[in-house]
Amino acid sequence: MSDAQSLLDSAKAWWSTDIIDIHPGKIGIRGYPIQDLIGKLTFPQMIWLMVRGDVPSKQQAQLLEAALVASVDHGPHAPSIAIARMAVTCGVDLNNAMASGINVLGDIHGGPGQQCMELYEQIAAAHDGTRELADVADDVLGGFIGAHGKIVPGFGHRFHPIDPRVEPLLGLVANAASQQVVSGHYAAIGRAVEAALRRRTNKPIPMNIDGVTAVIFCELGFPPPMGRGLFILSRSVGILAHAWEEMQNQHRIKGPMPKEIPYTYTGPRDRKLSDQ
Amino acid sequence: MSDAQSLLDSAKAWWSTDIIDIHPGKIGIRGYPIQDLIGKLTFPQMIWLMVRGDVPSKQQAQLLEAALVASVDHGPHAPSIAIARMAVTCGVDLNNAMASGINVLGDIHGGPGQQCMELYEQIAAAHDGTRELADVADDVLGGFIGAHGKIVPGFGHRFHPIDPRVEPLLGLVANAASQQVVSGHYAAIGRAVEAALRRRTNKPIPMNIDGVTAVIFCELGFPPPMGRGLFILSRSVGILAHAWEEMQNQHRIKGPMPKEIPYTYTGPRDRKLSDQ
Amino acid sequence: MSDAQSLLDSAKAWWSTDIIDIHPGKIGIRGYPIQDLIGKLTFPQMIWLMVRGDVPSKQQAQLLEAALVASVDHGPHAPSIAIARMAVTCGVDLNNAMASGINVLGDIHGGPGQQCMELYEQIAAAHDGTRELADVADDVLGGFIGAHGKIVPGFGHRFHPIDPRVEPLLGLVANAASQQVVSGHYAAIGRAVEAALRRRTNKPIPMNIDGVTAVIFCELGFPPPMGRGLFILSRSVGILAHAWEEMQNQHRIKGPMPKEIPYTYTGPRDRKLSDQ
Amino acid sequence: MSDAQSLLDSAKAWWSTDIIDIHPGKIGIRGYPIQDLIGKLTFPQMIWLMVRGDVPSKQQAQLLEAALVASVDHGPHAPSIAIARMAVTCGVDLNNAMASGINVLGDIHGGPGQQCMELYEQIAAAHDGTRELADVADDVLGGFIGAHGKIVPGFGHRFHPIDPRVEPLLGLVANAASQQVVSGHYAAIGRAVEAALRRRTNKPIPMNIDGVTAVIFCELGFPPPMGRGLFILSRSVGILAHAWEEMQNQHRIKGPMPKEIPYTYTGPRDRKLSDQ
């Protein structure tokens, strides 16, 4: 084989993928012709197929769908939303505004679902049948707090005493478990963490939206990084809706507060270069 | 009223929104308590509610859903996908990789659906009943090409002679029209543009994915900028799936081609500062 | 030549560039060995060399440098800065925070310098020696306002009655013109636009930072898109400094206003799905 | 004090900063009137002032400047550069293209300088005078490799056997040390790491651009995160230059390889939904 052929082969392999196969007039998604999927799969089923490679049942997809519906927005004061709204007033288009907003769904703003899934998986792995779940939760939670600090992702909310999205979602998980769509094991783990936190702190630190979507994503078999990925798909809807609402207002260069409200300058004053 | 109160009121108004109302323990989306929507609305219905303010019928949402399903991916050679794959090899997380990819869904890569919707709306506005649709399409298309150049968004494909996503989607539109879910008017307009292009160029330049999703979005009453916004929500799925696949490969600093294949340097050589 | 060789050649040509040539142990920038530039060129000279392909004189580079120094920051209420500060509190790193901020330096927030250069170049092209510059400025400005609206990029400021950055920079241009480093022609054009605006509106709308840096960039021969590009390089310094200051504060999920100040919800209330 | 006043005060304090003070007609940077800085400070001095709060000497700034000059570009195959070039072909503007590129200067692509500074600072802290620097370097390096893996940031290069940017920069450090501009201590630490790596591996793993700029930034007293921040300012120049070059080519939707070269599909084939 010539050197050219060898290099060309490495170029072809460089972008190899299991996801999509394209030829003129043909598009295969994970091995399915695209025309077989259009009108047949729901959008959540397509999300699942793309990320994981197989088509989920309708019931599995409905549970995923409920999580996607629940997380779309938490108001214009969330940095991801505020950023997208400010962006469109600076003369960029929706794709750019969405990108600047999605970009900040980082470890703190977009990562708690993923981190909570990691916590649940640690408990699941440690819960080998020799001990009560409550004891395992106490131990693993103690180690987690020792490693990561006292803010436990998925539990407590700085705004909502009770997160109104939690019970409806847990109800759907319970229903799915009763129909053997999921095991219900991670719902029990989530409840166990909640109880362990209360024992540890003597106050209620209830499960929040990240904690309950982490239950759902673990029940459905998604790996922890998808806790972030799926949240991004959901919150992108809110980012789009807010960017579009702001775009219609036609503000120009919208800052974080009205310009009549000054910010406080806290640095030195009246310096001269000659002072040096 | 004090000045402080007045400034505070302007601060409160600065981030006013029609989309979401939040109080401790309560989240209202477009006036609906979030707990009434979870498990009740499909994800496409939620997208519609967030962007437009009202809940669509199941049939309307299914047509939107088919369009969202159809556009998720067009392979790792698409810049948006390639960028996200390269990004994760540089040590950033999924939100950042998705942002860098989504950011490039600009006028050329993510805008044709929006531009095609604008073309369709121009034809719809000009088709006042006094002339045949074909004549109107010829005229408006001529003006559009004069203003924007010969690449007509939504028609023709540099890779697919026939885009396999078009007929299934048009079939769903026809079905929805037969049930009075949509009017079918924009499907007729899309077909009229296709025919006008053929008359104009003497060759087939068939409708592509952007042209057919533009039909659907117009049929459902979305404004043209949502052609871009909804496409972004769809393509984000592909961007996530590819970023995640690449992340599992654990490459480090993946460039566009294998490093064994050099690029060509085309500039000057062997210059010296003293030559100046 | 084999097909493989032909494809491989097209791969090599795909990323061809005039800017940089790299071989093991060798890096050439625009034809200069990198080791000849380090310690010899100033950073502004290197910016010029990279963007334009030749090394400017020290005097040219000093004028560019003054423009780069002048534009680094305009406070935390500028969206680009506020976005970067909010970003670091969301758990992303400096590169991501800077990206989200730089991304919004769009047509309105980062584009006025570029647009002003286009205006100046239109005047320069129309000023063919047959008419007074003032008359040409009146005409071109009239056309510009007709096409783009009454906000003339580079003139007037919503905050500063007189922009304190303008006179020092114009002084440097005058000095450079007196030494034949630049022609001074674009400084005259800028002043002519200022005078034409006053005649047109009967009030002072003085040159601002975008108008004066546009003078400098035009005097130095940069094309209009570099008005945006060079501004980005300058403002990136402010974005970095603010992101870094905020990072040291260790806030978590900083929104645009303190969470004690609510935003106003302006949408419908108390809707029920069953109302439909 | 009224509640409104109290809330307003918290709003004013929300965006407080030590960096910039703005009033109508006045801009103060770290306490200096902007007009005193324009034409007086070099761009590297301004970068230093913005990030650190004081004005460096010319000699300190020249050393910083050399590091900024050295890192501007490493060719179109670097993901940050390739991404920016692809971006402009998708119909976005220079600010967006630069943002997508800068965004990927993450832990692997943009972080080694920062990580290397952390390593140097660990050695500096451990080198308390009781032991030889070589022994300290051996120990700290061993711990570092144990914690982070065998790729030591700042040393070795997958492309250059000898990085041509290193010796000129070390020469400038030596010169600055001879004039008491810097201590030279971190240059010694860098050399000690290089020697320790050779002892450890029995092969040369020479200092690279990240290792030598880390020396300079540590010598000048920058904290490790600025290793990333300053690199971003430098590499932004290359990203801009390449984006601008590509923009002039007027390609549309440039993928990572010519479209004649297919990628390899490695997933399943010919699946049917009914197979489930």
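Letters are used for the chains, namely A, B, C and D, taken in the order the chains are written, and counting of residues starts over at 1 for each.
Here, contacts are C-beta pairs under 8 Å (C-beta built on N, C-alpha and C of every residue); 3 or more make two chains touch, one makes a residue touch a chain.
Computed from a predicted model, the values in this text were never measured in an experiment.
Participant: By that same contact rule, can you tell me which chains touch subunit A and subunit B alike?
Facilitator: A chain counts here if it touches both subunit A and subunit B, which gives C, D.
Participant: Among the chains, which has its CA centre at the largest distance from subunit A's?
Facilitator: C
Participant: Nearest whole angstrom, what separates the Cα centre of subunit B from the Cα centre of subunit C?
Facilitator: That pair's centroid distance is 29 Å.
Participant: How far is the middle of subunit A from the middle of subunit C, if each middle is the mean of its Cα atoms, in Å?
Facilitator: 35
Participant: Name the residues of subunit D that each touch 2 or more other chains.
Facilitator: Residue numbers touching two or more other chains: 7-8, 11, 14-15, 17-20, 22, 37, 75-77, 82, 92-93, 95-96, 99-100, 103-107, 110-111, 159, 256-257, 261, 263.
Participant: Would you mind writing out the residues of subunit B in touch with subunit C in their complex?
Facilitator: Where subunit B meets subunit C, its residues are 8, 11-22, 28, 30-32, 36-37, 40, 53, 55, 92-93, 95-96, 99-100, 103, 256-257, 261-273, 276.
Participant: Along subunit B, where are the residues that touch subunit A in the complex?
Facilitator: Residues 7, 10-11, 14-15, 17-20, 22, 24-27, 29, 33-35, 37-39, 41-44, 46-47, 50-51, 62, 65-66, 68-70, 72-77, 82, 85, 93-96, 98-100, 102-107, 110-111, 159-165, 167-169, 171-172, 225-226, 228-229, 232-233, 236-238, 240-245, 247, 257-258, 260-261 of subunit B touch subunit A in their complex.
Participant: Would you mind writing out the residues of subunit D in touch with subunit B in their complex?
Facilitator: 2, 4-5, 7-8, 11, 75-80, 82-83, 86-87, 89-92, 96-97, 99-101, 103-111, 158-159, 252-257, 259, 263
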